[in-house]
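Two complexes are shown next, each including chain A; its partner changes from chain B in the first to chain C in the second.
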Partner chain A sequence: MDGSSTQWIPRPPSTRVDAFRGARRILRGVAGWLWLASAALAQAAKIGDLTEVRWTEQALRFASLSDPAVRHACLGTVLLGVSCGLLGGFLVVRRMALLGDALSHAVLPGVALGFLWNLEKDPLAIFVGALVAGFAGSAVVSLITRTTRLKEDTALGMVLATFFGAGLCLMSMFQRLPTGNKSGIESFLFGQAAALGPGDLQLMGVVTALVVGMLAVGYKEFLLVSFDPGFARVLALPTRWLERVLLLLLAFAVVAALQAVGVVLVSAMLIIPAATASLLTDRFHRMLLWSAAIGAVSGLSGAFLSFLGTRLPTGPFMVLSAGLFFGAALVFSPRHGVWPRWNRQRSQRLRVAQENTLKAIYQVLESGGFPGETVPVGALAARRRIDREAALGEIGALVRGEFATLSGDTVALTPSGWQRACAIVRNHRLWELYLTQDACIAPDHVHDDAEKIEHVLGEATVRELERRLPRTDVDPHGRPIPSVPAPAPGGRAPGDRPQGGVIGYGGRP
Partner chain B sequence: MSGPEAGSTSGGPVAPPLEIHDLTVAYRDKPVLWGVDLEAPAGKLIGIVGPNGAGKSTLIKACMGLLPCASGWVKAFGHPVSESLGRIGYVPQRESVDWDFPVSVMDVVLMGRYGRVGLFRRPSAEDRRIARDCLDQVQMLPFADRQISNLSGGQQQRVFLARALAQESDLYFMDEPFAGVDAATEASIIALLQGLRDRGKTLFVVHHDLPTARDYFDWLLLLNLRVVAFGPTAEVFTPDLLQKTYGGRLTLLSEVAEAVRAKAR
Partner chain C sequence: MTLVPDFSVQRVFVDPWTTGIDSHGMMALVTFLVGCTCGLVGNFLILRRMALMGDAISHSVLPGIAVAFLLTGSRGIGAMVLGAFVAAFATHLLVEGITRYSRVRPDAAIGIAFSTLFALGVVLVAVFADRVDLDQDCVLNGELPMIPLEPPVHLGSLSLGPPPLVRLAGLLVASVLLLALFYKELLLTSFDPGLAAALGLPVSAVHHGLMLWLALAVVASFEAVGAILVIALLILPGATAAILTERMVPRLVLGVVHAALSAIGGMHLSVALDCSPAGASVVAGGAWFTLAWLFSPTAGWVPRWWRSRGAA
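On to the complex of A and B.
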C-alpha cells in the first residue's frame, strides 16, 4: 500500500500509430528520392553552364516575375500543385496511393512515343501518348487482378516497373537517333519547370480547370463513391461513371504535371500534400483545400529553388518542399503533431506527479489522525519512499502550482491544494469501492488499478460512481472517503472535512 | 397484407414491396443462392436467419442489384429494382467502409439524403434538418460533429441506421444491424424498426441470433443456400424447419456447387 507514483500515460489511439507508420514510410521514400535527386543534381552541375550565377540576382529575377520563363514556371507549378493536390486527397483516403505511383510511371513509354511521333517536343502528342500508355497500364492491372489470384498492389507494382522500364528503353533508343530535336526529353524524368512553354501551360490550365470544376460540381458524389460505393449504387448514383471520371482526371493531372515534376516524382506531388493535409484536419473538404494549397506552395517553392541554380531539375525541389511541409505537420499539427502531443503528455505527467505528492501529504496527515495542518518534509519523503532531495523537488512543484507552501522543514497545503488532495484520494477510494462492489474484484487487487484511474476520472464519472454506489463513506480497506471541499477563495467552509468521524483538517490560521 | 388500395393509382392490386422469382446468385461461378422465390407482404418486419455462409447478405445485395444474378428477377413495388431504388433503404455491414475516413457523423447521415437531393446538387437546410432528426431518433445527435473514427461499434451501427432513416424509403434492407451492439442499444434499435413497420414500411433484417429472432420479427425467412421457409414467425419458427435450416447439412447442394465451380475453372 505504498504511495509509489505510477506514471500513467494514455497510449495514443491506434489510428495515429498507423498514421505514424505511414509517415515514416513516406519519409523513407523521400530519403530515397533525395538520393536520386542528388545524383541528378551532380549531373546537372556537370552539364550546367560554367558561368557563375549569383543566387541573389536569380532570386530577385524570380521575385520580379519579369522573365516570361519565370512567369510560366510559377503558373505551371501552382496549377499542377492544385490539381495533383486535389486528386491526391482522393487517393490517400481511398488507400490507393500506389495507383498514383503506378499511373505516373506507366506513362513513360507513351511520353517517349509521343516524342517519336514527329521527333520533337509537341505537348499534345506527348499528352495523348502518355494518356494512352496510362490507360493501357491500368487496363493491364485490372486484367491481372481479374484473371489471376494476384492482388492489386502486386499488379500495380509489376505494371509500374515494367512500363517504366519500357519507357526508359524507348528513351535511350530515341536519344541515339541521329535526327530530331532531343532537347527536353530528359526533363520528363526529373522535371524542368523553366522549360514550360505556352502550349504546356494551356494544357495544364485546361486540366486544372477541369479538375477543380468537376470536383466542385460533383463533390458530394465523389465523396460518397469513395466512402461507401455500395451505398452509392443503392442510391442509383452512376458509380461506374464517377469512378471513370476520377481515374480520367487523375490521368490528366499526372500527364499535365509531367513536364514540370518529371515522371519519377509526380506521384509524390499526388501523395505528400494530401498526406500532410490529412494530418491537419478531420474533414474531407478541408483536407482537399489544404492539400491543394500545400501542393501549390510546394510547386512554387520548387520552381523558385530550381531557378536559383542553373538547369537544376524542378521535381526534386518541389517534392522536397512538400516533404518539408509534411515534416512540419508531423511535428506541429495541433491535434496529431508530435510536439503538441509531447506537450500534452508532459503536462499530464507533471499533473500526475503533483497529485501523487498531494495524496501522500493527505495520507501522512490521515495516518496521524489529522493532528495539525503541516507535514514534515521527512515524513513526506518516507511516505513517498524517496530521499529528502527528491521530496523537496516534488514540494517545489506543488509550491509553483500554489498547492502548498514550504516554511522551514514543514509543508502546508493551500486551500486549492487541500481540495485537490481530497479529490484525488476520493477518486482513488471511490474507484476501489466500485471495483470491489460493482465489478466484484477482490479488495487486494484494486489498489494498483486505482493508482492509475484516480488521475483520469472526470467530474461526470465521479458523479456516476457516487450515483451507483450505495454508500460512499468508507473504502474497501476501511478508510474514510473524504468529500471534496467546495472551492472557497479565503479558505474552506467549516463543514467540509473528511467524513466518517475523522477529525477534519481544521481552519487555517 | 395488402391493405386498402390507397397506394395504387391504377386501381389494380397493390404490387408487393418485394417479389423475387427464381433468383440464383453465383460467386466466381460457385452458386451461393439457388432458385429463391418469394413475395414479401407490406408493412412487416422480416428477419433473415440462417447459418454462416447461408447467403443472407448475398440475398439482400442481389435484391438491390449490388451483385449480378445468374438467373431470375427481382421486383420492388411492381417494377424492376433498378427503377425503384428511390424507395429502397440500405444499412450495409459496418465493416464495409473505412471508419478512418475524414468525415463527420453528420456528413455520413446526410449521405442518406443524396438520392433525394439529386445529382450534382447540394443538400438543403431541409435535408440537414431531416438528418439531424434521424440522428436524434438513434440518440446520436450529440455526436453529430464527431469524426466517425471516434465512435464505438454500436455508435457506428446507429450512424448507419440514421443514414438509412434519412433515405425515407418504403423498403429497407439491413445487413446485421445488431452486430457489435450492446443489449440496451439493440432494444432501442428494434423499437425503432418496429416503429417504421407500424408506419407501413417493409424491413428485411439479416439477423444472427436465433433466440431473439422469434421475439423481434413478424415474419422470418429461413435461408440456407435456398429458401427453407418464409412466413409468419409463429408458423415458421418450428423445430422441424429450424433443423432443416441449421442442422441438416446440405451436403449434396454444396457438393454440387463445388463441382460446378471446379468445372468452370
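On to the complex of A and C.
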C-alpha cells in the first residue's frame, strides 16, 4: 500500500502522442483488413433456406465455414460487433446509453417504409429509410427537451415507443399483402444473421470502414469532446459538428446492424460490450479496442448459437453472450472486478489484523522493559482486550505468516516479525509526533488517527516525516520511537534494540 | 394489391360503434383500461424521472412470463403474474447491483439489465416454441385482437366480458383506490423526498410500492399491447398532461382523458388502415401528444407564436 500510488502522475506529452499514434495505427489496420475482407466475401453466393437438421451437423457446418451463408453470417456479425462496439464506447462514457436505445427503436418505421419502396429487401432503400427515421427520432427528442419542460428520459421513452408503434402498424399492413416477402422484413425485429446477403455485407463493410476510419482520423478530437466538452470549446474545436458526426456514425452503425441483430436489441450491442470494456481498462483507446473485440466475439457466438436450431433469431443470442461477457468482467476483471477487489480487501484486512497483533506483542515487551524475547499468551490477550481463544487465533495467523513462533504458552517473534512490529510502532509514533508538532493537535487526540494510518504509510511518506520532524526519538507520550532493524542474517533479538538511533526506515541511512 | 383499404366514413367511423362494437369496441375498452392504469403510474414515473425504469421493467417481464409458461405448462394468470414479478424484481436488483459493485453508470446498467433479460426471454420463447404458447409476434404486438374472442366471465347470470377485461377493470379500480389512499404520500415523496423523510414518511417503502404497482400495470398490459409498446402507454398520457397543466390532480385526470382519446383514435386508425390495433393506439396517443405540444395554452408552439406576433 504505497501512499504515492494513489497520486495522479501526468504523463509527459510525448508518450501521449505516442498513445494516440498507436491507437490510430491499430484502428487503421483494422479498417484496411475489414475493407478487404468485405470486398472478397461480397461476391459469394446467396444462401439457401435452412431446413430441419441436427444441431451437431449444424455445428460442424458452422465450424468448417464451407457454407457461404455461414461465412456471410460470421463476417456480418463481426463487422457489426466492431462498429457497434467502437461507437458504444463513446455512448457509455458520455452517459448516453439510452439514446442508443431510443435511436434503435425509432428506426423501425423507416425500415418499413424502405421495405415499401419496392416491396422487397433492398438493403439500400431500407438503409436510407432507417437513417431518416433515426434522425427524425433524435431530432424530435431534442426538440421536446428544448421546447417543453419534459425531461430527457420522458422524451426518449415517448419517441422510442411512438415510432416503434408506427413501425409495427406499417409492418402489420404489409403482412396482408399477397405478394410480399414477409420473412424479409420480420428478420429485422430480432435479427437473422443467416439471412444476410452480399448486398447487406457490402453495406456493413462500408459502414464499419467509415466508422473505423473516422474514429482513426479524429480520435483525439472525439476523445476530447466526449470527456471535456468545455475544454474542447475553449480550444476552438467545432464541438457541435463533432457531436453531429458521432451521432451520424451511430445512426449508420445502428442501421447497418439491424439485419443481423434486430431493431429491438441493437442498443444492447452498443452498450454491453462497451460497458464490459470499461470494467477491463482505464485508458480510452484500449477500452475501444476491447469493446470492438467483445462485440465481434459476441456477434460470432450469437451467429453460431442461432445457427444450431432452425429459424432461431440471432439478436437475442448475441445479446446473451455479450451479457455473459459483462457478467464475467463484473466478477473477475483484474482491476475492477468484484472478486479480485474482495480478495484485495480481504488480504488487507488480514495484514491489518497481523500488524495489530505484532504491535500488541511489541507493546507487551516494551511495558516490561524488554525483559526477554517471549510474551505469554495471557499477556497478549489482556493487551488486545480479547479472550485467550481469540488471542491464539491471532497468533495462529502470525505463525502462518512466519512472523512468530508459538511454543507452549509463549510467543516469540521471528526476525521478520520483529522488523514488522518495529515498523508499525514507528509509523504510529512518528504520525503522532507529526500531528502534535506540525498540525498542532493536542497529544491526547492523535492516537485514533495514528491507529488507522499506521497501516498505510508508505516508505516515501515515512522518509518525509523523518525529514520534517526535528526529533524522531520520543513520541508525544514520552515513549521511545523504535527504528526498524535491518533484516540481518540471524535477525536481532528484542533486547538489542538500537537506543534512539534514527537510522531511517528499513535500516538504511 | 391494396396496402391501404379504401376510405369510407361508414366503415371507419360508424361501423366500429355499431356492428363492430363487440370486437372493435371491446378492444378499445381494453386499451382504455390499460392506458388508464399505466397513465396513473406513469404520471408519477415522469415526476420522479424514472420513465426508463418503466421501459426496463416492461422488457424484462418477458423471461419471467416465459419461465412461468415452461414450468406450469399453462397460461395460468397467477403463475404469469408471479413470474413477471420475479423478473421485474430481478431487474431492479441487477440494476442496483451493477451500479453498486462496479463503476458502470445507472443508464448503462439499466440498458444492460433489461436487454439481457429481454434477450433471454426471446430465446426461451424461440427455443421452446412448441411448449410455450407465446410467439415473437405476440411479444411485440400483444394479442389485442384475441381478447374479444375469449369466453366471457359470468357473475351469476350477468356477463362481465372476457377475463382480461375483468382483470384490467379490477386493477384500475384497485389503482384508483390506492391512489386516493396514498395520494399525499406519493406526491410528497415524488416532489421532495428530503422533506418527506424529515416528516417521517417511509420514502423507500413508497418507492417500492410504486415499483410494485408499475410491475402489476406492466404485467396486465403485456397481454394487451406486448412488451415494448407498454412504455408508450406509461409515458404518453403523463407527458401530454404535463404539457397542458402544472397541477397534479388535473394531470391525472387529463391522463385518463388522453387514454380514452388514444383508445378511440387507435380504434379508428386501425380500422382505417387495417393494421395492428396496439400499434395504432400508440400512434394515436403520439398524435394527441403532438396536438397538445402545438396548441397547449401555456407552453404550446402556436399560442406562443400568436402572442409573440401580437407583441411585435
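FYI, the second predicted complex is superposed on the first by the 412 of 509 C-alpha atoms of A that agree within 3 Å, B and C clash if a C-alpha of one lies under 4 Å from a C-alpha of the other, contacts with A are read in each partner's own complex, and residues count from 1 in each chain.
As a convention for this text, a contact is a pair of C-beta atoms (placed from the backbone, for glycine too) under 8 Å apart; a residue touches a chain by one contact, two chains touch by 3 or more.
Computed from a prediction, not measured in an experiment: that's the story for all the values here.
Of the two partner chains, chain B is the only one that A:Leu223 touches; chain C does not reach it.
By the touch criterion defined above, A:Leu235 reaches chain B but does not reach chain C.
Using the contact criterion defined above for the overlaid structures, shared-chain residue A:Ala166 touches chain C, although it does not reach chain B.
Of the two partner chains placed around the shared chain by superposition, neither chain B nor chain C is touched by A:Ile126. In the superposition on chain A, A:Leu300 makes contact with neither chain B nor chain C. In the superposition on chain A, contact is made by A:Arg95 with both chain B and chain C.
Residue contacts after overlaying the shared chain place A:Leu320 against chain C, while chain B stays out of touching range. Once chain A of one complex is fitted onto chain A of the other, the partner contacts of A:Cys422 are absent, as it touches neither chain B nor chain C. Counting the residues of chain A that each partner touches, chain B and chain C differ, and the larger count belongs to C. In the superposed pair of complexes, A:Thr281 makes contact with chain B only, with no contact to chain C. Across the two superposed structures, the residue set of chain A contacted by chain B and also by chain C is 95, 278. Those residues of chain A whose C-beta lies close enough to touch chain C in the complex are 92, 95-98, 100-101, 105, 116, 144, 147-151, 153-158, 160-162, 164-174, 176-179, 189-190, 264-265, 267-268, 271-272, 274-275, 278-279, 309, 311-313, 315-320, 322-323, 326, 330, 336, 338. Chain contact summary for the complex, chain A toward chain B: residues 15, 18, 93, 95, 217-218, 220-221, 223-224, 226-228, 230-238, 278, 281-284, 287. The residues of chain B lying in touch with chain A in their complex are 61, 64-66, 82, 85-86, 88-90, 92, 96-98, 100-104, 107-108, 111, 114-115, 117, 119-120, 122-123, 147, 149, 163, 167. Contact residues of chain C toward chain A in the complex are 1, 3-4, 46, 49-52, 54-55, 98, 101-105, 107-112, 115-116, 118-120, 122-123, 126-127, 136, 140-141, 228-229, 231-232, 234-236, 238-239, 242-243, 269-270, 273-276, 278-283, 285-286, 289, 293, 299, 301.
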